[in-house]
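Next up: some structures, all given as structure tokens.
Common to both upcoming complexes is subunit A, partnered first by subunit B, then by subunit C.
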Partner chain A sequence: MTIMAPRKFGDSSDGVVGGRQTRFEGDLKVTGAAKYALEHPVENLAHGVLVPSTIPAGRVVSVDMQAALASPGVLLVLTPEDDFGMRVATDWGGNRPDEPYYPLSREVRYNGEPVAAVIAESREQAVAAAKLIRVTYEEAPHVASLDDPNAGEGNLLEHLSASWGDAEAAYAAAPVKVEAEYKTPREYHVAMEPHGLTAKWDGDQLTVWEPSQWSHGMARSYAEWFGLPFENVHLISPFIGGGFGSKGAALAHGAVAAFAARKLGRPVKLALTRPQNFTGYGGRAATRQTIKLGATQDGVLQAIVHRGASETSTYGVWPEQTGAATPIMYKVENLSSEHRVVPVNTVTPGALRGPGKNPSAFGIETAMDELAAQLGMDPLELRLKNYADRDYQSGKPWSTRRLREAMTEGAEAFGWSKRNHAPRSMRDGRTLIGWGMACGTFPVIQAPSEAMIRILGNGRVEVVSGAIDMGQGTYTILAQTAAEIFGVPVDQVEVHLGDSRMPGSAIAGGSMLAGSILGAVHKAASAARDELIGLALSEPSSPLRDTGANTLTFSGGRVSVGGEGPSLTLPELMQSLGRDVLEIRRNTLPDGASMEDQHQAWTTMAKVEGPTMGEYSMHSWCAHFAEVRVDEDFGTVRLSRMVSAFDCGRLYNPRMVESQWRGGIIMGIGQALLEEGLVDMRNGRTVNNNVADYLVPTNADVPDIQVISVGVPDYNASALGGKGVGEVGIVGVAPAIANAVFHATGKRVRELPVTLEKLI
Partner chain B sequence: MTRTIHLTLDINGQRHELDVEPRVTLLDALREHLGLTGTKKGCDQGQCGACTCHVDGKRVLSCLTLAAQAEGRQVTTIEGLAGPNGELHPVQSAFIEHDAFQCGYCTPGQIMSAVACIREGHAGSDEEIREYMSGNLCRCGAYNSIVTAVREAAEMA
Partner chain C sequence: MKDFSYLRAASAEEASRAAQQAGAMLLAGGTTLLDLAKCGVTEPDTVVDITRLAGLDTINVGEGGLTIGALATMSAVADHPEVKTQFPAIAQSLSLAASAQLRNMATIGGNLLQRTRCAYFRDPQAFPACNKRAPGSGCSALGGVTRNHAVLGTSEKCIATYPGDLAVALVAFDAVVDLGTRQVPVDDFFLPYGEAPERETLLQPGEIIRGITVPASVAARQSVYLKVRDRQSYEFAAASAAVGLELEADGRTVSDIHVALGGVATKPWRALAVEQALIGKALDADLVRSASRLSMEGAVSHGDNAYKIELAPRVVARAILQLAPSLGDLA
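== the complex of A and B ==
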């Protein structure tokens, strides 16, 4: 997909890294011209729908498909009886059991697991026929949720434990203690674009149009499922209608569609219905955690004892790590943290914006507020007093940590100094007003990436990468990077993304894409410029050869010797060199990396680097300040004001970053006040599996949100100085709002969301 | 159900002929039969607003409207909003300028709602805009910018 020049408005365009360039692909998105996966026109399409299980545990005994097969337009019915001939693909951890893969499972492990599929000439026909399928089950006992009495204590994941000092003894000896349990429910991504795909075979070549946060990783899964060379799968994903962590892996519905397409010999389109988007892949797991804080009378932390648990499925381990943020937020000499996973009959949970850090921050940041209340202390003062001068978990110094500035500048903008710290001290008639704060963090994660730069004879500069843009601004910041290096306007740049046949890239997940891919694009573009300079100074046909210069300047669309003397535009230079195209490909792997290393780097998580793998401990940081208005009679909470300050290092495009921060905050508002997956304990069913019953924030739920950057470039964190932006915004929002509700009402809600029945 | 009906639809000022089953929604007719994929399917059950388009100038949810119901009416979709030479509608321009979208999937519905919101006279204040734009969910959370863009476009109108 080629993205052509963006429209410019006034002086808002700014074609350099760090400028506020408007969204590069904006025209396509506001005119409806941007083609999302299911919109790619394909001839002779058949349409598939899934039939989900209606029991939470057991096995499929038989599937009566006679009526469905006789229904008009039906081409194929698939059931667990079918031998798909597929093999299990490599999981996130790099494990690949040597087993067959059955995307339609005979064993039912959760309510909503796909057990059959119908393919028909039209979607309407497939939907009608799917209703005629009769599945006979043999039911088994189930565990509906983390709250199920039979759920048990689960399994300790020792690799997630943290411990130093003697936390229990220090807690016992501390003069001031708080202890409480905090709970978060199942939460869902609710990307506006449902999951789905079109799969098409040409011989043993498979093309998949599917929204993807990781084109190479998902293409690898399809290849492994079908025993194909990686090159035989072509996954295309130029636009993604929101992912938030849900679109990083190939899933059962993709396997079903691709298999059906091969069996039928014609392309198949299959989209999950909105309700199926609640069970077709996992959301954020429900969590619970107990936190004990010990402190001195003047508020110096002595000990943190944390015990957490999250639910997982009966067939996979996904830890929603409740202790992810706990050990690094504050200076504490004694800490103990453990996390358990509790298998229940659910689809395996997955990554949802700020995994781990998010529920972890809800625990520790509410507990700190409880400690401040008990001490009669300003929660801001308490946090500053216990400011972590280094990472006490890894023992490493911070690369950059401007959390102090985030807290103080955020507080200043919010007007925090006017706060009366006593609960129930502010009201407006029958409305109680509360101010709360909390902090958040997200680690800097990096992965090797590759990019290609092509300079065409007509002077256009192309940036080519398999990286994706689901709205974070990848198109825009890559265009800005190339424009800056070649000294050309952004509208002279084209960006091609979202294709597994393009150079490999880090996943758009873990907030790692911008830092990773920008490093590769910057490297490739710099190399291309150097190549061009070398040619311009050495080729006999180049007018710049006889300048005697040893380098050239690219500025204002022209190439010259420091802006003096003769100058050429890029097309003129390319013409003088007799070149139609100059193509340079670079990656950020160590020099000499083998092809196998490269393939592994783009298609697995094997070469991903965490925040403390180098000399420093590297993280993004934020501080949120929230004002709520609570109707005392009805218990309704309205968020009326929000100020958030961030340290995310250098911002590649503040306009895009501010949008992402606000997006994270708004998802946090939903988490604080609205979002809760409800499970029917009798049958493990997700009851509110639609967006009228699973409430996400609407426009009217959201006040103006002020966002502030306090970061400085961090060149340990990434080549160009940025730290992750996409996820940190949500972390700490829910505790800030819950703490504000406490300040307004004097009632401490320790279980999200903060709904009215918990306040009246 | 195999019976099809013949429909003549007026979409963005152009006449379209199609044969579809009577149960086909306006949304699916646009996306699957006419190649007008700018109108988005987010929930297919009238909850998210992504499929918003105009019928006789009023905003409707095309996923809850049968294609047959649109016969004899003027349908406007996001593809029909820009001027004859491709010049963007003021709401479209304001959405770009204020970064009122990220992934872009809810955007056509937001813009169609915004155009109608202004036309209805419901863009008088930020509060009013928030209320009358609340039928369109945006999970990327561009709400602040959407309000700014609608306000600015309303002031220009």
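== the complex of A and C ==
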């Protein structure tokens, strides 16, 4: 889809990287003109629905589908009996077992696992027929959740362990000790747009309209499932109605729809119901962790001992790493951290905003608050006192770490210095008021990416990439980047995104997209400009040839020699060169990367670079300051004020970034106060699997949120100096709020969410 | 969703006739009907649309009290200037319910008939046992996740909470439901669960709620609806209280008091014991708090919902104290 810049708003600085250009696709979205995947019109559609299991463990003995097949409009019923002829696709870790793939499983591993599907002429007919399917199960014993007495201690993941010094001995010797257990529940993405797709075959060419955080990665899965060349799959995702980590992988329902479409010879649309969205892709795993902090009497950390666990499924390992932030937050000479995964009968948990770092920060940042309370010390002072001057885990220096500035500037804006550190020291009638703070972090991750720049005869500049805009502003910042390089207004730039047939890109996840794709766009656009300069100075038809200059300036919509003498607009230059189009494609892989390397780079995580793979340790940082009002009688907690300061390096578009930060903070409010998947222990079902019962914040729950940037460009972290912004916003919000609740009430809640029954 | 036929009734009589047919359901705002149809709890064969019936959407506040037509929307009543001044608890119960979009669609008659949010009631595929849906099949909520379930009025058959707010205020102020051929006190309109939780009201097939009347009183004019919940808006009550209070000239002695609870019981719950403990008494904060505890007489916890037994009396007490400003800043 072509996105054009709105021609209103903004100021002269908008068309450059770092300007506050308004959202490119904003007009389309607010007017409803933006077409989301499930809205894409396709003729002759059939409609599919899934039949989820209602037991947590066991096997499907038989599926009685006679009544469903006889139901009006039914075209096809699929069950585990069907030979899908599909093969398992490569997982995120790059592994590809040589096994058949059954998107409808005979083995039931969790309550809600799809065990049958009905395809009919209309969705209503499919839904009605699906209710007539009778599945006979042979039930097996199950483990409902991390809290199940039969869950056990789980399996230690040694590659996630961290250890230096002698943490247990240092803890034992420390004069001041804190030891506590912290727990977080299952949490869910709850994107407004449900999972779903339309799949259409033309011969052996498959087109998929599906919301995606990664067009190339998901296209690869479809290709591998069906044994097709990658090029035969065309996945289209110009817009996403919320991803938050849930839409980065092709899932069973996609396989069912694509298979059914091929079998029926007509396109199939399949959308998950709201309850099915709770099992279509796993939410954040429930976690528990024990933290022991040892310190001197004046608050110098001596030891951190961390033991954590998260639930995973019985068929996959997803570590919601409770020790992800613990080792890098503070200066400490003795640390030991271990994380285990506990298999239970759930869908394999998945990536949800700030994976690992998020529950990890809840543990360490609450424990630090407990230590401060025990010492009678300002929690801010305690953190500054133990400020990590380097990464004690990797031993590497920070590339940039302006967490100190985040803490001090956030504190200044919040008015933290006026805080009486005694709990229950502020009240307004029956309302207790509390101030709390916590820090957060998220690593800088990068992946190779590719982009194409096209300059048209009419002077328009096109940016083309398979990268995804899921609301974070990819369209906008790519246009700004190109506009800056060609010295043209933003509205002269068009951006094409969200298509697996466009150049490959990093996933819109792990906060890695902006830094990765901007590098590619910047490189391609610079190369295109150089090419134009070369042509303008060498082609006989070019009026600039005789200037004798060795380079040209692109500024104010004109091409000239340093702004002096003759100048041409881009269309005039293209016309003089006799060119209708100039097209340049560049990627950020090392020169000479093979086609296979390129394919691997765009479609797997194999070439993703972590935060300490170079000579520095690279992370985004933040400090949150929260004010809560707690009704003393009712235990209800309302957030009344929030100030958050961030070090995310250079901001490519502060308006977009601030919006993402606020979005992360709002999600954090939900995590702190509302969100919890309630599991029925008898059958492992999440019973509040809808948006009326699984609560996320409403506007009324969201107070004024002030966000502050304290970052400086970090050119180790990315080509243009930015660090990730998408995930760090949520990390540390829950402990800041829970710490504020402690300050208000004197009650320490160590288990999220902080609901009223924990306070009355 | 199952196919159904649709009939737009031209008169209340036609609607009533059509609604007597097996499998027929009335459609007004549709906010509950559509929701329950989507989760497979209600599967009507015929939907009888009564939204075009004339004269059923009026709101009148007169000397005798308040009369509301069954088809008046929640938002129209909530925003009605005289309802806000003469029956504040009723206006507040509506404006604190649901979301703005739902309040614009949902009708007063339909609101009374709102079904429970019990997760087990709403998930027939995974939880076939539900005495409300399938009498005699059992109760899946017992032994399950019960954080939002009732502590009052429950039976061995069902512990589902009545979810609404308006009916709590109506019960407090002795409202009467107009069924056309008979007038029924709203407290009688809602049936105790006992042995038959599938029967929630005494509506007979074909009977249509025409409207509601609420007698005028000083207590109704000096009333409040206090709703406590995890989320600031768009959520059902963890516990709520509708309270009306009339004091003697001394500003302390109770001459009339009305108390009802929501979010904690299987039906809108009049707390007569609290009223009786306070009537004729000179109020003080301790008395109010101890009397409010009487609202939980007979309460039974099911584990997760034990907090309601502690919370609800506090809500009642706060509501009463809010209406007695002469007691000072106790609320």
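Operating definition for what follows: the second predicted complex is superposed on the first by the 755 of 760 C-alpha atoms of A that agree within 3 Å, B and C clash if a C-alpha of one lies under 4 Å from a C-alpha of the other, contacts with A are read in each partner's own complex, and residues count from 1 in each chain.
In this text, contacts are C-beta pairs under 8 Å (C-beta built on N, C-alpha and C of every residue); 3 or more make two chains touch, one makes a residue touch a chain.
Because the structure is predicted, anything quoted here is derived from the model rather than measured.
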Request  = In the overlay, answer first, second, both or neither for which of subunit B and subunit C A:R430 touches.
outcome  = second
Query = A:A117 contacts which: subunit B (first), subunit C (second), both, neither?
reply = neither
Message = Residues of subunit A touched by subunit B versus by subunit C: which partner has the larger set?
response = B
Query = After superposition on the shared chain, which partner residues are touched by A:E757: those of subunit B (first), subunit C (second), both, or neither?
reply = second
Request  = Could you look at A:A734 and tell me whether it touches subunit B, subunit C, both or neither (first, second, both, neither)?
outcome  = neither
Task = Quick one: classify A:E193 as touching subunit B (first), subunit C (second), both or neither.
result = first
Request  = Using the superposition on chain A described above, determine whether A:T22 touches subunit B (first), subunit C (second), both, or neither.
outcome  = first
Inquiry  = Is A:F239 touching anything from subunit B or subunit C once the two structures are fitted on A? First, second, both or neither.
reply    = first
Task = In the overlay, answer first, second, both or neither for which of subunit B and subunit C A:E39 touches.
result = first
Query = Touch check for A:A700: first (subunit B), second (subunit C), both, or neither?
reply = both
Query = Hey, what residues of subunit A end up touching subunit B and subunit C alike?
reply = 72, 124, 128, 692, 697-701
Request  = In the complex, go through subunit A and note every residue touching subunit C.
outcome  = 52, 54, 72, 111, 124, 127-128, 131, 275, 429-430, 631, 633-636, 638, 673-674, 678-680, 682-683, 685, 687-688, 692-693, 695, 697-701, 755-757, 760
Request  = State the interface residues of subunit A toward subunit B in the complex, per the touch definition above.
outcome  = 6-7, 9-10, 12, 22-23, 25-36, 39, 41, 72-73, 122-125, 128, 189-194, 239-244, 271, 273-274, 470-473, 655-656, 658-660, 662-667, 690-692, 696-702, 704-705
Residues of subunit B defined as touching subunit A within the complex = 1-2, 21, 23-24, 28, 31-32, 35-45, 47-48, 50, 77-79, 81-82, 88, 92-93, 95-97, 99, 101-108, 111, 126, 129-131, 133-147
Message = Touching residues of subunit C toward subunit A in the complex: what are they?
response = 1-3, 40, 117, 119-120, 123, 125-126, 143-145, 147-148, 228-235, 238, 306-307, 310-311, 314-315, 317-318, 329, 331
